[in-house]
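Please find the structures below.
Look for chain A in each of the two complexes below; its partner is chain B in the first and chain C in the second.
Right after this comes the complex of A and B.
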């Protein structure tokens, strides 16, 4: 006989959020087209990863930012149903506004308490034109923002690595530098698959230990497999 | 207030998580329920940390359950704990229990490592801050390393006729349901228990992190206490938990409901692990089975409840068999980790005085003296 509530048992959610720069400079040299294609190409592999993990339910959302920020996919969408709609580029680079919107979505009321750490992927090719630091501060003011696996992809030579690195906030997770379409495709696939797989895997025997920090006298009981290193950039004759 | 007749039941079980089985790791949860002491029932569960440096957490979890059971039974047997009309005295004494539990756990951990020293493989995990020579003095840092090796959460509830007493450190769920009301979390939320982080008995300030609550059995008091580790709790959406708790209450109320749940608990927990979290899963219950007109069953004894009604107490123990020993919890001070043979780590505050002793039945009892400094009041009663 099933226990009370057994029909309510479900896998834990993993929220994945794309935070995408669609400023005017992204329209140069086909960057936005490459990004659209890379996310579309990576989606089937992301679905495969989710389907092979019975302990995670992966939900995907997306925020775009240029002159201001808007949700591109506002509803946490099961990865099996996720369809990427192409973005176009114009305007400036209001990264802080986008991060503020993401922060608002990370509340416990909206995310619940039982999920895996969310994965936040920031993709940008330029210099922030608003107060990105306050956006980062808003993210870090939320419980899930602090717990999130924050990753950043810098597109082209003009990307501001400082703001991206500040968002990541972890020297062991360097900003991924995509100087060409092939590298961008590779990184998008890596965050969509390897990172999702790693974050949604319950702890294994070989996991490393996270030591308590100076202001943290409590322990992380579940330490995930270390995210495998990102692939090396791909050489290409076309450089952004 | 109406008299209630009936029997408290205590059941519980831990199952290994499917990912623990997959990876060849032990079950790091532990569960103990005690119902063999007339008038006092205890359910205690613990979830040893999965960290590499908590490589003996399955032992730490067992020790935590044993210590909590002993201390709570000792409290129930103490003069204050057994009194029907001394809520204030009982509350004052209960406020010292977090320190007693934390200190006793540390002492037992020290005793365990003395009997079963770290292996060479384990020493590679604790690093060079832990002294290898047996007569070497334990530094505070070494104590922290030692405790972390056994790190665990703990949730425990004692029920007697006149009151219930709940304790918790770390994550996991401790929920209750009254006979006619809704379900509620027994203790206030600790914001440090979030996501994958938890407070721990291995924390230096565990006595301050241990939350507790004394619940008088008056009015529509809980007839069900549900304790579970996060391996079961997180198989549910947070919003569903109160409803599930009420489903359990109603299932327990069915004829032989507790027996049906007991028989299906292990398989149900395994399913929750397989379809939910992958983690070790533990659930324990204390349930008041009301007696509608019939006399208490064989082997039961009757006590007076706070509401004046007789409460039949089931006398047969189900599981859990806490070891007996004697401790002086007030002997050590914050920075004095002593050399062997008392190689114990007990850098707890030396204020107050709750002395544990062992009675002839091997149950730890507590004796209170005036505090000398700050008393433990965190997470206290409401």
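Right after this comes the complex of A and C.
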């Protein structure tokens, strides 16, 4: 009887939540279609990352917001089973409502007590039309919200960087600017793979403290960001 | 996938100008993507770096790896640097395709393979030998983790991949390398760069994962952590690392609810393996330069572990004989770890100048390293095999598979018989046989 008594190595949950703007402007110039396609295209790679990491169990959910906010995928779904249903776009941009719903879902009762920091990815192309600041405050009032890796992707020239940056809340993690479909695809892929991998398998810094000067990629302070830098945006003639 | 390269793309070998035609995407990691490609009809692999990873430092490292060649056959090594035929920036490298018989250590951790202990110990020995070859050539791996180690779970052969971070020992470029749970604490806290000394720590973690399917530092201190973020990792693996079975510190013992493997699997193994792990994660943490288990000692420990394997006569489970426990019990067997019943005492063999006890079971073999001074630790050419022998009081005989005659010695050391090549010697209690350069004794 080989390896008697052994079971799978102990793993912690990693919750990943898409928070997606489906306001009317997202239906212009194919933006919502690009987003749907990007998330679907990134899913196999996200599954691969999870498959190759025995120490994490990745669960995915999604919130959509326009006039009000709703769960698009309400139940934390194991990434192997996660299937993206296309979103359509219509309405305004109630980002605050979405963040309030996310905050409610970050309770210990729903998330459990032990896990990796959740990854929250906010994607928007315009100005919030409700009180987004109190939405952010609600997220930050939860333990899991404070510990979360919060990222934002700004789609197109009219996206409101102020609200997105406020959600991220970290000057070392700039809002990702997706001015075209290729950049959006790249950033969606990056958050689904590299970020998930870094959060669940933290890399080690090898600069000895005696070495002078900052590493070119990282700020050389005691607290540094284990998430690697995002790729540069992709040039394209088709700008949003 | 990013699909940095597309099927049909051609990359050229630097210098050789060999043409590699990309066929299909295989997989991606944090540094780049790997593709199956073809060169002159031969399938190979090409790794292509993400732009932000295609640095001059990485290129220089690759050039040195290509020039130095692989330390031995257990490394999947870069063949040459490649660039796009169509031009443009960026680079990658060509390497052999990994044979499908090799599966990732990840699968052991996920419980999708369950190798025998014999195979697992053989794999452990192969890994130690691979790293001996690497360190002897003046290089260190620097980034041992679950993604780079592959095992043939039938034979115990191993293949070490992801060699793009291998570098000359002690000369590292600055930057992020390695995953925290694998890296030596002095690296996690930023006090040292990766080196062959830190490889020793990572190898100990790998061996612990292989045998216990659990991390050596994840006990109560881990289960007390709620959000397992970067700060928590640095504290657990770097600032305040405590072995879960530290004899002098019980603050980090495994917690039954979360750390079942650590509790169940640890009990399988003899004391001498426990001691090697204890040293690695106590003295080995306090004294990185001198406190770690060195590779020859790991090899000795793992060969001894392999020799200790036997099958419980009651439930047939593959278990380990702990000679120390046996002696401490006054020569009595402890209950089987699997069935709880007491197995018949197995036939034991000792030889002069050889550490530990070899459990002699039908089918087990002896090799050059048991019988000769300074011989290679390989399992290809057995010199002796234990076989069924009805004439023998133990029921087991030993067949001479070498080219030389063995001598059988009486109680006073006088030669009383010989065993010709191919012949089987019956084994009686306390009998002594001269095999190779050793004198071997048996106890029932």
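Simple rule for what comes next: the second predicted complex is superposed on the first by the 206 of 240 C-alpha atoms of A that agree within 3 Å, B and C clash if a C-alpha of one lies under 4 Å from a C-alpha of the other, contacts with A are read in each partner's own complex, and residues count from 1 in each chain.
Basically, contacts are C-beta pairs under 8 Å (C-beta built on N, C-alpha and C of every residue); 3 or more make two chains touch, one makes a residue touch a chain.
Please read all numbers here as calculations on a predicted model, not as lab measurements.
A.B. asks: Is A:193 touching anything from chain B or chain C once the two structures are fitted on A? First, second, both or neither.
C.D. replies: Second partner only, chain C.
A.B. asks: Kindly classify A:40 by the partners it touches after superposition: chain B alone (first), chain C alone (second), both, or neither?
C.D. replies: Neither chain B nor chain C is touched by A:40.
A.B. asks: Look at A:48 in the shared chain and tell me whether it touches chain B only, chain C only, both, or neither; answer first, second, both or neither.
C.D. replies: A:48 sits against chain C, while chain B stays out of touch.
A.B. asks: Which holds for A:72: it touches chain B only (first), chain C only (second), both, or neither?
C.D. replies: A:72: touches no partner chain.
A.B. asks: Chain A residues in contact: does chain B have more, or chain C?
C.D. replies: C
A.B. asks: Quick check for you: in the superposed arrangement, does A:6 touch first (chain B), second (chain C), both or neither?
C.D. replies: both
A.B. asks: Determine, under the contact definition given at the top, whether A:231 touches first (chain B), second (chain C), both, or neither.
C.D. replies: After superposition on chain A, A:231 lies in contact with chain C alone.
A.B. asks: Looking at the overlay, does A:133 come into contact with chain B only (first), chain C only (second), both, or neither?
C.D. replies: neither
A.B. asks: Is there a shared patch on chain A that both chain B and chain C touch, and which residues make it up?
C.D. replies: 1-6, 8-10, 12, 54-55, 113-115, 117, 143-144, 147, 202-205, 207-209, 217-218, 223
A.B. asks: Quick check: in the complex, which residue numbers of chain C touch chain A?
C.D. replies: Touch list, chain C to chain A: 1-2, 27-28, 30, 50-52, 104, 106, 109-111, 114-117, 120, 146-147, 172, 174-183, 187-188, 190-194, 209, 213-215, 218, 223, 225-231, 233, 258-261, 264-265, 268, 316-318, 337-338.
A.B. asks: Across the complex, what residues on chain A touch chain C?
C.D. replies: On the chain A side, the touching residues are 1-10, 12, 41, 44-45, 48, 52-55, 113-117, 143-144, 147, 186, 189, 193-194, 197-198, 201-209, 211, 215, 217-218, 223, 226, 228-229, 231-232.
A.B. asks: With touch defined as at the start, can you tell me which chain A residues reach chain B in the complex?
C.D. replies: 1-6, 8-12, 54-55, 112-115, 117, 143-144, 147, 202-205, 207-210, 216-223
A.B. asks: For chain B, which residues count as touching chain A in their complex?
C.D. replies: 17, 19, 23-25, 47, 49-54, 148, 151, 171, 191-200, 202-205, 230, 233-240, 243-244, 247-248, 250-251, 260-261, 263-265, 268-269, 271-272, 274-279
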